[in-house]
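Next come two complexes, and both contain chain A; in the first it sits with chain B, in the second with chain C.
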Partner chain A sequence: MQGINITVTVLIASAVLSYLIAFIAGFGRLSNNIFIRKFTGFYVEVFRGTSLIVQLFWFYYALPGLFDIHLATDFWAAVIAIAMNYGAYMSEIVRGSILSVAKGQREAATALNMSRFQRMRLVILPQAVRMMLPEFGNYLIQMLKATSLVSLVGLTDILYHGDVFRSTHLSLAPTVYILILIFYFILALPLIWLTRWAEKQSSKGVASE
Partner chain B sequence: MAKPIAVYNDVHKSFGEVEVLKGIDLEIAPAEKVALIGPSGSGKTTIIRMLMTLEQPTSGTIVVDGQYLWHMEKNGELVPANEKHLRQVRGDIGMVFQHFNLFPHMSILENCMVAPINVKGVPKKEARQRSVEMLEKVGLGDKLDDYPSQLSGGQKQRVAMARALVMRPKIMLFDEVTSALDPELVGEVLEVIRDIAREGEMAMVLVTHEMDFARDIADRVVFLDEGRIAEQGTPEQVLENSESERLNSFLSRFRS
Partner chain C sequence: MTWNWNYVVESLPAIFQGMWITLGLTIACYLFAMLFGFVWTFVRRIPWRPLQMIIAFIMEFIRSTPPLVQLFFLYYAWPMVPYVGLTLDPITVAIIGLGVHFSTYIAEIYRSGIESIDKGQWEAATALNLSLKDKWTKIILPQAIPPTIPMLGNYLIIMFKEVPLTSTIGVAGMLHMANNFGSKNFAYLEPLTLVAVFFLVMSYPTAVLFRKLEQRMNRRFDKNNPTGKIDKGVVT
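Coming up: the complex of A and B.
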């Protein structure tokens, strides 16, 4: 079936970009600088407080119409919308994981005379990332499902092709949707396995105080 | 007394409204072993945490090896220390915690090697050799590649000591390092501390409730009560021949 490549490339691009945004915004919210903190806090609230589909339409129709901002292509408009949305959610995970590394870990690192940067790089982040992994995996699966929304702005993903096919072969409608279901599930399977693996990793190597 | 390695000068510490240290004056000589005793909540932990730069004094000064710890001199005036200054002075100090605080994502060997390599720039090969030697000394030479979660409490605490020792501090701080351990594991940890103490050149401040142990290894015992140093002297003076009622009633709790 056609459309898989669109679904998969939208997913991969959104995932990479959203993890990047999650880290930037997560660190931003922990910054000593109040403006950076407020600004990233504002971004997170806005993108968590409105729905993805509205954001998608914004990037697709409103930005070009209102401000004459064109995000290169339809593909990138969709990717940026998904990444900004999921990046906002996942920044909370980044922030929360960093904060939940035991206080004793920072203190031991200080006692060994590590610099702020070394404490973060050598002691806190490696443990925080282990806590993030399972949640990141869960959001990846959700992102896969969210990619189906791009059919609404005309990207020709699995759902789009399915719809087109169904409208010309009306009698096959149930079969088409069953197939779509199976396709999404097959795509999700490796992500589910990945998440399981991440959960196992994260149960090792985190201070349990 | 030789030039002291650490000096507390009228140090006060408050948490919010509550003043927990009410003017501490204390000198620690190089290689001196000081046991810090006192009731729970009297401020023992806070005293050594300030020396480790984990807690900032509210007022007063601390001098380490001739340098202000929490202050720096600028145009003849004392201003609060910045991170760079703290890093420079704190290199002389090491600490072992009640709850070990080993890095769970690193093997035991890596726990010991990470700071010499990254903080002191010791070449990897040398850091490894030093760490292995130190782990052998604390009796864990056969566990180098284990992770902290695989060890008993006593073993973890011995790793924590090795990790602090490879940094070769001039003063080592011990905060009730046996109180989180099962009773049958206390002995092995005290034994290692005794060995370290016997080697001599490093000053040690030990917060402890093990009175026999304190008598054994301490040059001086300091009794802290309600945020003040109430008594100090040789182990004989403080632990056996004191007139102080507070001290004797505190000590009576440890006699069976």
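Coming up: the complex of A and C.
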């Protein structure tokens, strides 16, 4: 079972990238500029409206043909596909959390003569991020599950190695797949605990209406 | 290689054929998940602690492992499991695999719906001397189910987007058709883009529909928010 490092690296890389995308797109949808708003809205709807596996294949097979873009390696094609997909989902959470910070908080910050940037950084975000955490944790688990798809475009993750092993030892198939499932579960366990912890944290000390 | 419209037209019939299978499979998986979700929910309500813990563990396990691996397990490994193993055809595997996976999510929705019912309703039903069946079918479920409909709808869309996973075990859905067609002609660009467009065209209107439904439901069930509008304002 040597594919575990690939699974973990893909997970970490796509998680970091997708959080970044989520924040950029989340702020983009709240922008005052209508073009930025529409553009990010379009991006979010497209990536939420199609399925990850289709996007993955598209990034892998179609993109090089269409624009002659070669996303360096298979690894990056997979990471970018996962990150763009989950970034789109999570941008909605970023947007929702920022909007759900109580209105009085924003008004108070304005009354204190804070600039737009200060208001966001010092008052709104610290409260909004706490609300985002549990959902981010959930999506992290979803992303872990999504990394199993990368074996379909030829990355040698746990599932890929398991499949190769199965094809040479046909009678061991049940053991192989149960082992893989347990591996994923063990990887997911810390994330589940993290999410539970985040849920507890998020309910503390947030101003509500 | 550039975009070729003739090739788009050529690949249409194959993908269209796959579309029906994808749609049919989505509905079959969904119904299976809805029914199986009830099973989880009610088994979890049996007041016997060890059973509850085992069920909770199984649900957590199913939920946090990839559906793709579960499909592979059912397809390749299930026939070799001693005693209960039997060979299943890809469609059955798809329905059971995805159905069970998503039933764990749907069970959570049911549970949240049932738990949101006011305690007074239970007590009133008991006070009125309703039978167990009447209590559930006349008091609890009619109140518990409608607020969960938008969430259930979201899962329909999510499942629709997970169904292409089944192309890996040979169900001839849209993605499978597109890949076949692409490998025949060594050109994946057009068929795959078409599949993406098809998915978007079908899932986006449904998503909008369910968002509208959610607003209406909020209006009906949320007393604090009588207009039912979801705040979509711009940060100023």
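The rule is simple: the second predicted complex is superposed on the first by the 209 of 209 C-alpha atoms of A that agree within 3 Å, B and C clash if a C-alpha of one lies under 4 Å from a C-alpha of the other, contacts with A are read in each partner's own complex, and residues count from 1 in each chain.
In this text, contacts are C-beta pairs under 8 Å (C-beta built on N, C-alpha and C of every residue); 3 or more make two chains touch, one makes a residue touch a chain.
None of the values given here were measured: they were computed from a predicted structure.
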Practice prompt. In the overlay, answer first, second, both or neither for which of chain B and chain C A:Leu11 touches.
Written response: neither
Discussion item. Quick check on the superposed pair: does A:Leu133 touch chain B, chain C, both, or neither? Answer first, second, both or neither.
Written reply: neither
Discussion item. For A:Ala62, using the defined touch cut-off, is the partner it touches chain B, chain C, both, or neither? Pick first, second, both or neither.
Written reply: second
Item to complete: Please indicate which partner A:Gly104 is in contact with in the superposed arrangement: first for chain B, second for chain C, both, or neither.
Response: first
Item to complete: Please tell me which partner, chain B or chain C, touches more residues of chain A.
Response: C
Discussion item. For A:Met143, using the defined touch cut-off, is the partner it touches chain B, chain C, both, or neither? Pick first, second, both or neither.
Written reply: neither
Discussion item. Give me the intersection of chain A's contacts with chain B and its contacts with chain C, in residue numbers.
Written reply: none
Fill in: Of all residues in chain A, those that touch chain B in their complex
102, 104-105, 107-108, 110-116, 118, 122-123, 126-127, 130, 204-209
Response to the item:
Counting only contacts in the complex, chain C reaches chain A at residues 1-3, 60-61, 64-70, 72-73, 76-78, 80-81, 85, 160-165, 167-168, 175, 179, 182, 187-189, 192-193, 195-196, 199-200, 203-204, 207, 231-236
Fill in: chain A residues touching chain C - in the complex, by the definition given at the top
30-32, 37, 45-46, 48-55, 57-58, 61-62, 65-66, 98-100, 106, 120, 124, 141, 144-149, 152, 159, 163, 166, 170-171, 173-174, 176-178, 180-181, 184-185, 188-189, 191-192
Discussion item. Going by the contact rule set out above, which residues of chain B touch chain A in the complex?
Written reply: 52-54, 83, 87, 90-91, 93-95, 97, 99, 101-105, 114-115, 118-119, 147, 149, 163-164, 167
